[in-house]
Amino acid sequence: MAQHGYDSGRLNLPFTGIATFAKAPYTPDWRVLDADVAVLGAPFDFGTQYRPGARFGPRAVREASTLFSFGHAGAYDHEDDATYLGPDVRIVDMGDADIVHTDTETSHANIAAGVAAALDAGALPVVIGGDHSVNIPCIRAFAGRGPIHVVQIDAHLDFVDVRHGVRHGHGNPMRRAAEQDHVTGLTQLGIRNVSSTAKDGYDAARAMGSDILSVRQVRRLGTQAVLDRIPPGATVYLTLDIDGFCPSIAPGTGTPSHGGFLYYEVLELLQGIARRHPVAGIDLVEVAPDYDPTGSTGILAAQVLLNFLGFIFHAR
Amino acid sequence: MAQHGYDSGRLNLPFTGIATFAKAPYTPDWRVLDADVAVLGAPFDFGTQYRPGARFGPRAVREASTLFSFGHAGAYDHEDDATYLGPDVRIVDMGDADIVHTDTETSHANIAAGVAAALDAGALPVVIGGDHSVNIPCIRAFAGRGPIHVVQIDAHLDFVDVRHGVRHGHGNPMRRAAEQDHVTGLTQLGIRNVSSTAKDGYDAARAMGSDILSVRQVRRLGTQAVLDRIPPGATVYLTLDIDGFCPSIAPGTGTPSHGGFLYYEVLELLQGIARRHPVAGIDLVEVAPDYDPTGSTGILAAQVLLNFLGFIFHAR
Amino acid sequence: MAQHGYDSGRLNLPFTGIATFAKAPYTPDWRVLDADVAVLGAPFDFGTQYRPGARFGPRAVREASTLFSFGHAGAYDHEDDATYLGPDVRIVDMGDADIVHTDTETSHANIAAGVAAALDAGALPVVIGGDHSVNIPCIRAFAGRGPIHVVQIDAHLDFVDVRHGVRHGHGNPMRRAAEQDHVTGLTQLGIRNVSSTAKDGYDAARAMGSDILSVRQVRRLGTQAVLDRIPPGATVYLTLDIDGFCPSIAPGTGTPSHGGFLYYEVLELLQGIARRHPVAGIDLVEVAPDYDPTGSTGILAAQVLLNFLGFIFHAR
Amino acid sequence: MAQHGYDSGRLNLPFTGIATFAKAPYTPDWRVLDADVAVLGAPFDFGTQYRPGARFGPRAVREASTLFSFGHAGAYDHEDDATYLGPDVRIVDMGDADIVHTDTETSHANIAAGVAAALDAGALPVVIGGDHSVNIPCIRAFAGRGPIHVVQIDAHLDFVDVRHGVRHGHGNPMRRAAEQDHVTGLTQLGIRNVSSTAKDGYDAARAMGSDILSVRQVRRLGTQAVLDRIPPGATVYLTLDIDGFCPSIAPGTGTPSHGGFLYYEVLELLQGIARRHPVAGIDLVEVAPDYDPTGSTGILAAQVLLNFLGFIFHAR
Amino acid sequence: MAQHGYDSGRLNLPFTGIATFAKAPYTPDWRVLDADVAVLGAPFDFGTQYRPGARFGPRAVREASTLFSFGHAGAYDHEDDATYLGPDVRIVDMGDADIVHTDTETSHANIAAGVAAALDAGALPVVIGGDHSVNIPCIRAFAGRGPIHVVQIDAHLDFVDVRHGVRHGHGNPMRRAAEQDHVTGLTQLGIRNVSSTAKDGYDAARAMGSDILSVRQVRRLGTQAVLDRIPPGATVYLTLDIDGFCPSIAPGTGTPSHGGFLYYEVLELLQGIARRHPVAGIDLVEVAPDYDPTGSTGILAAQVLLNFLGFIFHAR
Amino acid sequence: MAQHGYDSGRLNLPFTGIATFAKAPYTPDWRVLDADVAVLGAPFDFGTQYRPGARFGPRAVREASTLFSFGHAGAYDHEDDATYLGPDVRIVDMGDADIVHTDTETSHANIAAGVAAALDAGALPVVIGGDHSVNIPCIRAFAGRGPIHVVQIDAHLDFVDVRHGVRHGHGNPMRRAAEQDHVTGLTQLGIRNVSSTAKDGYDAARAMGSDILSVRQVRRLGTQAVLDRIPPGATVYLTLDIDGFCPSIAPGTGTPSHGGFLYYEVLELLQGIARRHPVAGIDLVEVAPDYDPTGSTGILAAQVLLNFLGFIFHAR
């Protein structure tokens, strides 16, 4: 039976050790990935329209993830009376995609290559951004591996087509996703207040099949009703912009928007998704540690990711 | 038809440009104001009783307001399916009232002069503090232009008469307002926990006609019932102390008090006020950016102000 | 009749003066304590497993407590229409227990001696940590003075028996408490997500009589039902780990966990306890000001402590 | 022979205990002062012209002073092979002067009263500001107890007479000092770059007998030659504006100016003054902890004050 | 004769007013520039290789520049007994070049257009970055207006030709400058320690005519000898990377390097240049306020720029 | 011939990738170490007497070291015209020693085991603290592998024998070193101002053969004369407490002391040591990132370590 890590020599407290994601093994050689989950950093932030710094998101989320790494043989949750992420779930940290300053297209291509490597290895790709534009190469990597339904948790619709020539900034990813053949639809949750997407973007999103719900609309509907709006049987790709959360718990992001989701609102949605849908991929973006002096945002990102991974593999 | 700003040459992202409020034109000459809304900074903070720094509130709120300035032709809100603050609403930034260190009375007089200039020009004055004592000259400027009913959102009653000779500190403004002939009443919302106002202040406020509600009382009543307590037909002046909000979203203030309002609670009250009442003036005070390392408080102030302005002119 | 402090010469604003707790008299000689409440700092943090710094918790909470010290003759609360902590409640600040670096046992013994001194003087001991391991000597000091029922508000169960030889770290206190003869039971509230306690710790806690409730379980039950689960007539000892609260209001702590209690949830529980039970002792732990750049966490700790003390002596 | 503090029961590490200055006894009753040195906080900052926050200077410097409080029987300095501040030098902390918000004159009067109390008790007054305007009441308290020669270490001349009615702001103190009969002259060291004092202020200062030297001029002259310019036999009052130092070591101040003094430059000047002159009083002003996230500025203030006090009593 | 600003109605303290550079008039319409100095923000930072955030450099330097804006009729310097930047020197703030996220080339072109507009108006262009890549369009704008000699103050040589396709990142500008026909040579001062330029870059720089000196080499030579190495009669363009300074005074930058210049070392070089050479243009880059919590770096940038401008126009 | 890293596929900018020291390979299995340099984290900080947080020193220094990792084939230094740390110098990162909270002795033993493993593998051990007490197990690991001469750079003598039972705190390491048979002597540089070591500690150090020099004494002697005082031919072990540096460049440490070394002062001493002595081991301690908001201290630590390693292997 699975042994606790601290029974085999090291106590391995959270503050010790190299900060890979969840202290998982670091696997820089992507040709030999052998894992259930492959975590990839995508430290790209030239796509931001206000505060930069999401390039340090991967390092911050990795560091925060060590808080949840007590070396147990899985994470026991007394509310669910379940043990998540036991030793049978093999996580590896791929390190980061190579980013080339001033060059958006090359950087994005490198991210796509990393996601493709994870998929080729049969692992669930988990990409830590970086700004939300890194979702563009993530979705692109699923070409020929779909269909997928994109569930987005975000303050902003990110549905700008092209403006001043920009097609691959952090205001564009959902438009780019909706254009893909292998994307069957979008559920866009948490959308609120003004952003770079103007009215025509909302019109286009709805025309292209998006289901758009604000935080208050999600609250009025309730978790179950929201889950029911996701097409049954669909394979879900989750893109989680940390600014979908309320700035009270996620201030460390480039474009915060008040009125966002609280922790359990998102957690219970994700638990529902994990129970009802296969999950093909995940990206979590826009953690900008320079605006997170308490570390609260990085901890939120790590806590949500680890719980979602737990739910997914518990459901498998 | 109104054109998006970015269609005429500049993309004008939030992080570019001089930080006037909402990137509105800067109009230092108050004799030529020609606008619907005139924003005035009141960087005075000698009236604080704990942490200083509200003098940098105007600059911080202006900077934060650029996040909401994407150059659209108005702000489309998908929840309301409405476009707010279109090009027909002309906003100008008056800059700041002149503040004289060590001299409360002169500084206050300069603030009053700015508000009067806005009123003379027929513009809605929006004053960004500064500590809450700046409300005193704001209300004073309405003398002869009333009557007004003051709606206060705040953690503290601010109803101290005079103590150790102080009549114009940030614990006194509501008492000073209640004394004015042109003020017909006060609705004081969010009041909670201990502050510089003692029991006799509460007694005096009630005797002078105040309606005092705590956060929990507002929650129990509900938005509609609270709105119903504001005298129908009254012209409203809103004074919004940022510490009326919960420190989770508004930590950057001099005297935070836990248990405050969340974002939508205030937003929906303001939307209700805008629908039911003429609004004659606004001040938003006590943003102290030195205690706001994430920028969350400044962003809240800007987001609330811009939404409230949107509601007001949508209702007109 | 009791006079306001500011009527006797000093205005004594929060930002002035030596920062003892609530600006209470400093009584370094523990042999002459004569008070209803005796506040002791326990600046020990070698028991932490992630971020350190709780050693500066006592200074931070004392500093924050000055915000609530306006020199009134008691704190008037308009919601309860009650005046709390009038001049009849005598509070003293004992200063800090002596802490010896690298030496857990001696440091803990010094804390126990301080609590014993307060108890010997007939005062209610209020200990400000320090990490949660300081609860171990606090409980130990009650030996021969029980029985007590421990109510814990915390994110973490802290029920590790011994691991790698560690019995007195901040993951162990509730196990140590449960082992004491003078402790009749534990009510553990707010427990959630993974921590250093593994499944066997939960099993042990339940076997030893703990009542464990998560934040969501507390919410579903409601305040009244939770209060009903505390054994009637029991003398309560409260141990409040600040990370029981949501990181949105308590980010300044070593091991934050999202999904915690909001302010009124805890306040109303404490008010209920004060009404229904004698309270024998209090510790408030894990405030780490290095992670609290806005001061929000220290202010929360001070606000909760002062309100709870008000409730306790109002009920007496 | 003098015993180390830690030999008598408490180790008393810097991070423990109530933060009075140098952990000296707190003596709130100024009528019973019995000490060689009396430390008074003057948390007044309405006189600042840029960044506020010097009101928290006294608390910050007190906290930092605990770093130098290891409980030895005096501070041994191996460079001088001397033991400073042995148990024969009795220091007390008077707490703070009472400050009245919005009211400069009353606040200043309270500071003057504190300094007078220290002088009446025969103690050396050490005032911790607050902004530099607190020097005005300090100097005023010496009326009838002079003559004194003021040595100022500062980036700014602070010699504005009156502007917009302001006579008691932080740009005015040296002008106010020079006007006093009991002030025989000023030595103004470190003055550099633009400030609120215009050319006419410099002309006036020179006309009134000031000796003005920039940092570079002090460096070119050398410590000895600078000391030689202070009138032999004069009783010195030192006013040390922390912004006299380079922002590299003193960033935490309201109006930093690059190009300031380094640590030993000031220390050696102070050591020379202590050797050659009686010192009648000291103020150290403009520490603004909100701009001192590393604590470096507060530590500098404490380290300089404690060393200067050591030099003074070593020379007596 | 020129009147002080505060004599004409407003005291205009540093903390009041819209933060344009030196509170100069804001001139968004570049077709009507009429000034001696035209300040342009270039908030571009996609060219950085480590910490981002220089996009907020222009706003930070503008804010800091208000500290030096006391409204005098020029800045009197007692060391030089000279008044700099009197009312005869007309400064305007052009606002920012338009930056397009993800698009380096368009952003750079917009910067070049702004510099060209300033030059067309006969004004001295002063560009505030942004990362050092913004120097590339600045130099480009001088095509046909040369020849110029570039003096660079920097920790890094920035002489990478092309790597992974990148030609316009912040490691490339000096190579790009050296390639221009209108650039006659480079003096590169402060260069030290490892950076993105490898040995071949140094070889190339020397081959293309660069004079490279480290901080220690500059110190050994002395200011005068360094000045003598700049070709006599050359028209100088100054590019000042804030990381040329020591991190003790300039921590707020993307790629700090210890061992940099102190304040007077640079100031005296600039004063020498202003006395001996016509100055055709200036850029000051790499101020990243997110890493400048004390504001020290922004203040340094503003203080250096204002002094250099003072020297230049004093020499004219 | 050695190829630049970025020629083989990845640009590998500093902000990308897992933060091992200098992006060296991570080698968690200490039995298979095969390297010239083995870097070990020692995240222990229960030995501190003021501000904690050195436990995060290893992660901070590793992160900062990535700034110097541009993927060149060695680091070219134009001042020395030398290429340091070419591909022939093989560095590995061992990760961290296992730390057990509340247990000093076990934690220290684990550190000693790591150093021993590096020595057994023939690698130069480089230990990153952690507080200065981690030097105790480092020196202990050299038992039987000496003799070594310890060169200490530090503000504090750290020569307390035993006080209140503490023998292994951060005030004790040099006393513990001096007691070892395999330590032939100590050179203690930078020692200044008061600390936990009292006069008797200085006397003991001198009696046990220490050469103690303050910063000013080192400056007066000059680098060469200081180097001459280190016994010729001695094998040197360097222990570098970051607080030996001036707080202007190293504020991020637990017990800062003004008046410390500047960058080149230490660098040139280290270069001299590398040229004249074999170096057997290195520890760099007391980096506390919570007090280093600009990152300047971590960058200093990384820059000094990488340069010293370059000097050592260049000299071999």
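Letters A, B, C, D, E and F name the chains as they come in the text, with residue numbers starting at 1 for each one.
Simple rule for what comes next: contacts are C-beta pairs under 8 Å (C-beta built on N, C-alpha and C of every residue); 3 or more make two chains touch, one makes a residue touch a chain.
Fair warning: this is a prediction, and the values are worked out from it, not measured in the lab.
Shared contact partners of subunit C and subunit D, listed by label: B, F.
Comparing each option in C-D, E-F or C-F with B-D by residue number, the pair that reproduces over half of the contacts is C-F. If you average the Cα atoms of subunit D and of subunit E, the two centres end up 37 Å apart. Rounded to whole angstrom units, the spacing between the C-alpha centres of subunit A and subunit E is 40. Note on chain placement: the centre of subunit A and the centre of subunit D lie 54 Å apart, centres being C-alpha means. Shared contact sites, meaning residues of subunit A that touch two or more other chains, fall at 11, 13, 15, 49, 51, 55-56, 100-101, 164, 166, 246, 248-249, 291, 293. The touch graph of the protein chains shown belongs to none of the named shapes.
Chains that are in contact with each other form these pairs: A-B, A-C, A-E, A-F, B-C, B-D, B-E, C-D, C-F, D-E, D-F, E-F. Considering their complex, residues 9-13, 15-20, 26, 28, 41, 43, 55-56, 59, 62-63, 93, 95-101, 293 of subunit E touch subunit B.
On the subunit E side of its complex with subunit A, the touching residues are 45-49, 51-53, 55-56, 100-104, 106, 133, 164-166, 168-170, 290-291.
Only residues 49-51, 157, 163-164, 166, 191-196, 198-199, 202, 212, 214, 216-217, 246-249, 251-252, 255-259, 291-293 of subunit B touch subunit C when the two sit together in their complex.
Interface residues of subunit E, counted against subunit D in their complex, comprise 4, 6, 11, 13-15, 66-68, 70, 72-73, 75-79, 83, 246, 248-249, 263-264, 267, 293-296, 299-300, 303-304, 306-307.
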